[in-house]
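Letters are used for the chains, namely A, B, C, D, E and F, taken in the order the chains are written, and counting of residues starts over at 1 for each.
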Amino acid sequence: MLYITRRATFSAAHRLHNLKLSDKENKYIYGECNNPNGHGHNYVLEVTVRGNVPDKTGMVIDLKDLKKIITENIIEKVDHKYLNKDVDFMSDIIPTAENLVIQFWKILKKALLENNTELYELKLYETENNIVVYRGE
Amino acid sequence: MLYITRRATFSAAHRLHNLKLSDKENKYIYGECNNPNGHGHNYVLEVTVRGNVPDKTGMVIDLKDLKKIITENIIEKVDHKYLNKDVDFMSDIIPTAENLVIQFWKILKKALLENNTELYELKLYETENNIVVYRGE
Amino acid sequence: MLYITRRATFSAAHRLHNLKLSDKENKYIYGECNNPNGHGHNYVLEVTVRGNVPDKTGMVIDLKDLKKIITENIIEKVDHKYLNKDVDFMSDIIPTAENLVIQFWKILKKALLENNTELYELKLYETENNIVVYRGE
Amino acid sequence: MLYITRRATFSAAHRLHNLKLSDKENKYIYGECNNPNGHGHNYVLEVTVRGNVPDKTGMVIDLKDLKKIITENIIEKVDHKYLNKDVDFMSDIIPTAENLVIQFWKILKKALLENNTELYELKLYETENNIVVYRGE
Amino acid sequence: MLYITRRATFSAAHRLHNLKLSDKENKYIYGECNNPNGHGHNYVLEVTVRGNVPDKTGMVIDLKDLKKIITENIIEKVDHKYLNKDVDFMSDIIPTAENLVIQFWKILKKALLENNTELYELKLYETENNIVVYRGE
Amino acid sequence: MLYITRRATFSAAHRLHNLKLSDKENKYIYGECNNPNGHGHNYVLEVTVRGNVPDKTGMVIDLKDLKKIITENIIEKVDHKYLNKDVDFMSDIIPTAENLVIQFWKILKKALLENNTELYELKLYETENNIVVYRGE
């Protein structure tokens, strides 16, 4: 059993704002992240799958395939986008790093299963200091 | 003569769009960076000053002072902001990395001179792959 | 269940020396790290907490709170200090990376519990090549 | 129980090619990595051991010892080498990152046991975007 | 006048060997880099151009164009290749970092001029510790 | 004319303190860097030499020689040391990054000249945010 990680990046804007709360509450909870016009990040996403190593190829998964799955299912949907408005799977969801990674998990879990591969972990860097990890637990 | 560099970071959103051009022209020039709702980056700014080393302190400039000047004049104005709308010195200016760094230069040149310090160079990383340097030439 | 990591840094000096051993034994065990006047590092500390994501905020913990807890309980106590002499919770303890991280764990575990947050893991980089991880096991 | 990681690097060439398959199949599976004359990488290897912290030393393992074990058993065998031809423990094995790390595990597991130390994990970066982790599972 | 840098990466193998010298001399000069079967690196190439900032676009050069020029003229020629044998512009040239960067300069200088852009500097990282800079001087 | 850079690292402790000033003045000028027991850093030193590329070797300087000169003249003198007390060429000199780099310049300039090599620039990272560059101007 080995774990294979592929790293990808995207640049996006977002605003942390809960429509069900008052402006005052939003300002209190999210601070400067609640700025009405939004702000942005260079996100780094690390996708880890796991599996056995077949003798024939010596590879758990072809990294070109893994890259293609991440690009088509995630990066093309979020790169150079405003996450609150431009991304269908984030509509009605507050675009915190936590919620982003949970949505990415649902999409990648399914796309990888169709490729007979088990998703193990997602790691999302919002900045070099703020990191979220999700294992579907 | 020594060169001292202080590194600072900020996260901001922007849209590359020239109001004097048609939507079609903007889309052609800026591609995905023209996305109407904007996108964003974790910017890294390196500010380099130069000067002699006084015997008394052994420091060209007190780095606490340099940090304060950068924070108050630049970081607090652009961090967690939408550069096209929220930053007074970027109004009517297309927020490319080039234009950002030229505006930063004007502000920091003046603020550092008031502190008897010569600004030498600004280096702005928009992503780990895209970098702009300006020396006021 | 998600894992949230906040990265912090501090610069400190230390000397690896066991008062219960002879100078010769100390020199044998710690080598150049036993230098009588000490040496130092830029430490990087990654604090990982875990928890569920409440619908209201979409955040396991407010990162501003997590940053404040780390700063007040750890960074302000060890940054720009000599670990053997200036840090109360390190008195009588050999300041190896291992012992540092065990003491940090005791302090942060308690401080985070008071904030209803579960500490999951501490990762301490002494240099880019030497890293310690502790999960309270 | 603490986890100690030591980072090491080596530069090597390799060609992904399964001698039991046709050239066409190899080209299909490995793409540009099947280039007949090979290509190369700056590999980064992180070796993680775990153990308790003895009061006497405050160290799970002397990092000088850990470095020596990694250098003598792995780095000197693979650094500045062509993995397919110059490394005895890789003969007849396709030098994917997966197969490399499995062979490293066998060697380091044994060498560390002779030093009364438990190997916990190997992490091998082939590039900054492609990473393999193995825990002997 | 601004300086714009675009970063690109490639993985290649090479052998340092001067055909006009004896095997003994080659071994003496190049040491382990003379290994007959070669070794390899993840190279990082930073290409810096310079120019004025036109009001219309706010960009010295469209980074998509710069990326395309670097990819087509350099990366596609050297990535996943054995530099001594597979790269036409390196035939009969010892593939040191110095010689690589001089050949890259000739090619990029011409390709950028056809795009009305002035090449200012090339920076090539062979490893994180070994770096070459060339400005055509 | 090419520029070759070799990167090296060392870990050291220091205290910023001018013996000719009062304790109060020292505290005012250096703040927490004046802590009586000192603090420390993982320093990164980049040494850049320049020269032409001889046809015979294709190398401005043998990097093994450059590494040896840096190690013997600088790293072995400052690594795991307390700069104020343990380093002869820093006695009576306030160990700011500026003063360190000026002393390194004197030593390396001479050692490299004896090797027929021209020192061009020293770059010293005290932390990832504080950097000094000196070109002997």
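Rule of thumb we're sticking to: contacts are C-beta pairs under 8 Å (C-beta built on N, C-alpha and C of every residue); 3 or more make two chains touch, one makes a residue touch a chain.
Being a predicted model, the structure only gives us computed values, none of them experimental.
Colleague: Across the interfaces A-D and D-E, which one involves more C-beta pairs in contact?
Modeller: Top pair by contacting C-beta pairs is D-E.
Colleague: How many Å are there between the centre of chain C and the centre of chain D, using C-alpha atoms for each centre?
Modeller: Chain centres of chain C and chain D, defined by C-alpha means, are spaced 29 Å apart.
Colleague: Centre to centre, by mean C-alpha position, how many angstrom separate chain D and chain F?
Modeller: 34
Colleague: Can you list every residue of chain E that touches 2 or more other chains, as numbers and ranges?
Modeller: Counting only residues that touch two or more other chains, chain E contributes 128.
Colleague: Give the pairs of chains that touch; include all such pairs.
Modeller: In this structure, the chains touch in these pairs: A-B, A-C, A-D, B-E, B-F, C-D, C-F, D-E, E-F.
Colleague: Could you pull out which chain A residues touch chain C in their complex?
Modeller: Touch residues, chain A against chain C: 16, 18, 20-21, 29, 31, 93-96, 98-99, 101-102, 128-135, 137.
Colleague: Help me check something: in the complex, which residues belonging to chain A touch chain D?
Modeller: Checking each residue of chain A against chain D gives 1-8, 46, 48, 53, 56-60, 62-64.
Colleague: So in the complex, which bits of chain B are touching chain A?
Modeller: Residues 9, 11-14, 32-33, 35, 37-42, 79-82, 85-86, 127-128.
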